[in-house]
Amino acid sequence: MSEYSGKRVVGGFDASKQVVVFAGPCAIESEEQFEQVCACVASLGLHWVRGGAFKPRTNPHSFQGLGLRGLQIMNRVANKHRLLTLSEVIDAEHIDVVDEYSDGLQIGARNMTNYSLLKTIGEKTAQTKKLVFFKRGMAATVSEWLSAAEYITSSGNDNVVLCERGLRTFETATRYTLDISAVPVVQKQSVLPICVDVSHPAGQADLVPALACAALASGADAIMIEVHPHPQTALSDGPQQLNLEQFASLIGRLRTLAAAMGKEIV
Amino acid sequence: MSEYSGKRVVGGFDASKQVVVFAGPCAIESEEQFEQVCACVASLGLHWVRGGAFKPRTNPHSFQGLGLRGLQIMNRVANKHRLLTLSEVIDAEHIDVVDEYSDGLQIGARNMTNYSLLKTIGEKTAQTKKLVFFKRGMAATVSEWLSAAEYITSSGNDNVVLCERGLRTFETATRYTLDISAVPVVQKQSVLPICVDVSHPAGQADLVPALACAALASGADAIMIEVHPHPQTALSDGPQQLNLEQFASLIGRLRTLAAAMGKEIV
Amino acid sequence: MSEYSGKRVVGGFDASKQVVVFAGPCAIESEEQFEQVCACVASLGLHWVRGGAFKPRTNPHSFQGLGLRGLQIMNRVANKHRLLTLSEVIDAEHIDVVDEYSDGLQIGARNMTNYSLLKTIGEKTAQTKKLVFFKRGMAATVSEWLSAAEYITSSGNDNVVLCERGLRTFETATRYTLDISAVPVVQKQSVLPICVDVSHPAGQADLVPALACAALASGADAIMIEVHPHPQTALSDGPQQLNLEQFASLIGRLRTLAAAMGKEIV
Amino acid sequence: MSEYSGKRVVGGFDASKQVVVFAGPCAIESEEQFEQVCACVASLGLHWVRGGAFKPRTNPHSFQGLGLRGLQIMNRVANKHRLLTLSEVIDAEHIDVVDEYSDGLQIGARNMTNYSLLKTIGEKTAQTKKLVFFKRGMAATVSEWLSAAEYITSSGNDNVVLCERGLRTFETATRYTLDISAVPVVQKQSVLPICVDVSHPAGQADLVPALACAALASGADAIMIEVHPHPQTALSDGPQQLNLEQFASLIGRLRTLAAAMGKEIV
C-alpha cells in the first residue's frame, strides 16, 4: 500500500502481496513449550517461528536462555512442523551455531551499534545469503540504522530485514514508543524490507493487537509477535506475550485487514 | 476493533461504527482557498472541516492567521456546504468569538498545560456541551494528558475528544514521533474518544497516508488530516498538507480499510 | 568565566561579577513559613526571594496556592527584610496583581508556548521594565526558547532572565534532566542572562548541592534554589526543597567556588 | 564535595583529593600528532593520556583508526613521557592487543549493552585488575548502566570507572545532552567512581570549558577531554577537540576551581 514499495522479499515471500508474521516465544524454555507454539503457528498457516536461545539481559543475574540446547529444540520441533526459524545472535562466538540450527539470524537492538558483530555476520553469511533480521537501536535515528545496515550488506549479504521495535522516550505507559512512521520513512529511503516488532514496544499483551493492526495498515512488510502457551509463567517478558488463543484471534483480524489491502498473511 | 472501546461519541457520531475525519487547511487563508477545501470535503461525504484562524507560531514574526475574518470565512463557507467546523482557541480572550463561529473548539498542544485556559473553556461550554478537541502536549505522558483533560471535564463539559499529535523525540526523519500506542492506552484508561492528527507528526505529505491507515487500524475514534488546494503556496505548514487529489485518494483507501473493520468513514 | 559573557544584568546586579540566588519555597503557605525563609535568606546576605502564590498543577485536585493572600504575605514579609520578590504569573488575568505585589514576574515552563501570555506580559511591563523570569519548556530546544523570548522583548521589555529547569527525557533517577550545556549555548547565542533552577530537575534535595555548584561553575548568571523551613510537610514539591541549614551550608560552598571564579554570590 | 563520596580510586589516584584528567585525541593519527599531545599533557603535570586506535563509526565508510599501529605509537610515545594510557576496545578479538599496549581499557557507549564483551573484558582483566573505563549508553538509564557494570565486576575486576558522556535527546544545539545529574546520582547509588566526558556531549570545542568546570564542581571523580594539535584537520570529531593552547588554558581554570574545593588536578 505504500507509495514507495519496490520489490521487497522477506524470508522468501514477496512483500508486495504477502506479509510474513514472525511469531514465537521470547525465549525457548522447553520442548513442550516450543511444541505448543509451533503447532499453533503451523495450524494458522504461518511459516516462520522465532525463539531466543541466547538472551541479552539488562541484569546479569536474570535467565540467560538455554543456549545450544534451545537451538536444538527449536530446530527439531520447527522441522517437524515444517516451519522456518529465526534466532538471535548476541555474540560473535555463537554465529556459527545459530547459523547451523536456524534459517535466519537476528541482531537485537542492543547490538545495533556493535559494528564488529554486524560485519562478521555479513561476512559469514555472504555465501548462503541467509536472512539477517536487524533490529533498530532504541535511540538510533532511521538514518543511523540504515548506515549500520551497510556494515552487513557491504560485507556481502543483502538479505537483510530491518525491524522497528520502539524508541526510548519519556512515556512510561508503554515499554518503548513504537515509531510507526519508521515504516514509510524506511520504505522511502531504503530498498530493504521493514518489519515491526509489536510486542516489545507494547510491553503488555492487551496493547499488542492494536499495534499489530496499525503496523499492517502502515504498509509494514512483516510483523513480529511474541506468543507463549502460558505467558504468566514465562521466564522472560511474560507480560507482553500473547497466549495461543489471543494470537489466533489476532491473526484472524490481520487476515481480514490484509485482504482489504490486497495482501495475505503468511 | 479495540478491546476497550466503550460507547464513544465524536462530534455527534458513534465511534464504534463511524470514524470522523477532521479535514482542512492548517490556516484559513482566503474565501477561495476555504471554498475549494469545503467543496472537496463535502463531495467526499465527510462532515467536519477544520481551519486555523488564530495561529500560535514559534516565531513571533511568522504569519499569525486571519483572526476574526478567518472565522467568518470558515463559518459562511462551511454552512453553505453543510459542514461542521472546528477551530483553535489560543487565548482566553478569543473563546467567545471562536465559540460563536464554530461547532468545536480546539486546544493546541502548546496550550495543553495552560490550565487556566482549559478551565475557562470548560466553564464557558458547560451549558452548550460543545465539542472540545484537546491535543496532547509534545512532551506530556498519557497520564498527564488525562489529568489535564479533567480541568475541562470537571468544569462541566465532558464532550472532549483527545487528540494524539506526536511526541518530541531525537528522531528527525519526521517532525514529531507519532505515538500510535496512545490509541489503545487511552481507550484502556479513559472513557473519552481519541483522535489521531497524522499531519503534524509526519511533517511531510508523502508520509501521511501510511500514518492515517495505521491510525484507523489501531482503532482510533477519529482522524485529523490537513488538506490544502495548493500546499506549495500555503502560508503555514505547507510541506505536510495533502492536496485535494491526494486527500480524495486517501479517503478511498481509508474507506476500504474501515469496511474491513465494520466501520465507515464520515 | 564564560567565553561569551557580555554585559548581563540580573535583577539589578552585574552578572560578570555577581551571581544572584533566587531562593524561596515552592509555594507561599503561611506568614510564619515565609518569615522563616526570608529571615534565613536575608541573614545570608542574599537579595531576592521567590514564592508561588498561583500554582499550576498537573492534577486539578492538588493544592493551587494561596492566590492574592499569598502575594500579600510575600510582599509584607519581604519588605520587612528588604528583599526583592519574584512570583509566577500563570494567567493573563493575574498579571496586574502579581505586578503590583512583586518585583519580578516569573513565567513557568508550562507556559513557555503560551505566546499570548508572553506578549501581554511584555506589553504590561514595557514601561516599568520589571524583571521577567522566563523558564524554558521541558521539551523546548534552546532555539525555540529564544524565539519565544522575543514575544516578550519585542513587546517592549528586554529585562528578561532566561531560566533552564531541566528537560523531559527517559531518565527517571531525576525529575527532569538538567541541560547544563544550555548555559554556554545561551551565552553564545543570546544577550539575555541565564539562570539555572537546580531544584526542579533534581527532584530530591540531596542532589541539589551538586547541581548548584555545577551551575555556578558552568558560568550561569543566576541560580534558583527552593528552600522551605520544613520540607517534609510542604504542600507542594516537598522532596526537592532544602531545609534552612542545608541551604545555608550550600550558600557557603557556592561562596567559596564563586570567589575562585572572581565572583560573589548575592 | 559530594554528600556521597566514599573511598574512590581512579587510575591509582584518590578521588577524594585528586581529579584525574583523561586527555588526548579522539583518534591516534600519527607519531607526530601523538607526540605533540603527550608533550603538552605531561608538561601540564597530568598523568593519563587517551587515544583511539580502533574507532567504532556510524558510517562503515568513515576512518576506522590505525589499529595495532596506533596502539604501538601510543605505547611508545606515552612511555617516553611517563604517561599512563587508555584506549578503547570495540571487539572481543582486540581485547588482548589493547590489554598488551595500554594501561586502561575503555568500553564505548555503543557497546554498553554488548554484555558478552563486558563479561569477556571482566574475565580477562580479573587477575591484573587493570582499569576498565565504562561509558554510559546514550539511551541508558543510570540504573541500567549500573546493572551493566556488574557484568564486568562480577567477572572479577572491580577497578571500573563509570563515564557519563551525554544522552540522546531532542536538543540539537549540542551533540548530546550532558546529564550532569548523573554525577551525584551515581555517587549516591554506587561505590564506583564517575568520570565525565565533556567533549562528546559538547560537540563543539567552545562549549567544552563550561562543561568541564561544571563537571568538576558537580563532584566528578575524573574528567575526559579531547585535545588535538590541529583540530581543524583531525580525521574524526574535529569540531569538538580543543587545541593545545585551549587545553592548557582550561587546565589552569580547573586547577583554580579544584583548589577551592580542596582538590588537585592530576
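The chains carry the letters A, B, C and D, assigned in the order they are written, with residues numbered from 1 in each.
Following the convention adopted for this analysis, a contact is a pair of C-beta atoms (placed from the backbone, for glycine too) under 8 Å apart; a residue touches a chain by one contact, two chains touch by 3 or more.
Note that the structure is a prediction, hence the values are computed from the model and not measured.
A comparison of the A-D and B-D interfaces places the larger number of contacting C-beta pairs at A-D. Taking the CA centroid of chain B as reference, the farthest chain centroid is that of D.
Separating the CA-averaged centres of chain A and chain D is a span of 36 Å. Averaging C-alpha coordinates per chain places the centre of chain B 49 Å away from that of chain D. Residue positions 139, 168-170, 172 of chain C each touch two or more of the other chains. Across the complex, chain B meets chain D through its residues 168-170, 172. For chain B in complex with chain A, the touching residues are 1-3, 139, 141-143, 167, 169-174, 177-185, 188-189, 201-202, 206-207, 209-211, 213-219, 253, 256-257, 259-261. Of all the residues in chain A, the ones that touch chain D in their complex are 56-61, 90-93, 110-111, 113-117, 119, 137-139, 144, 147-148, 150-151, 154, 168.
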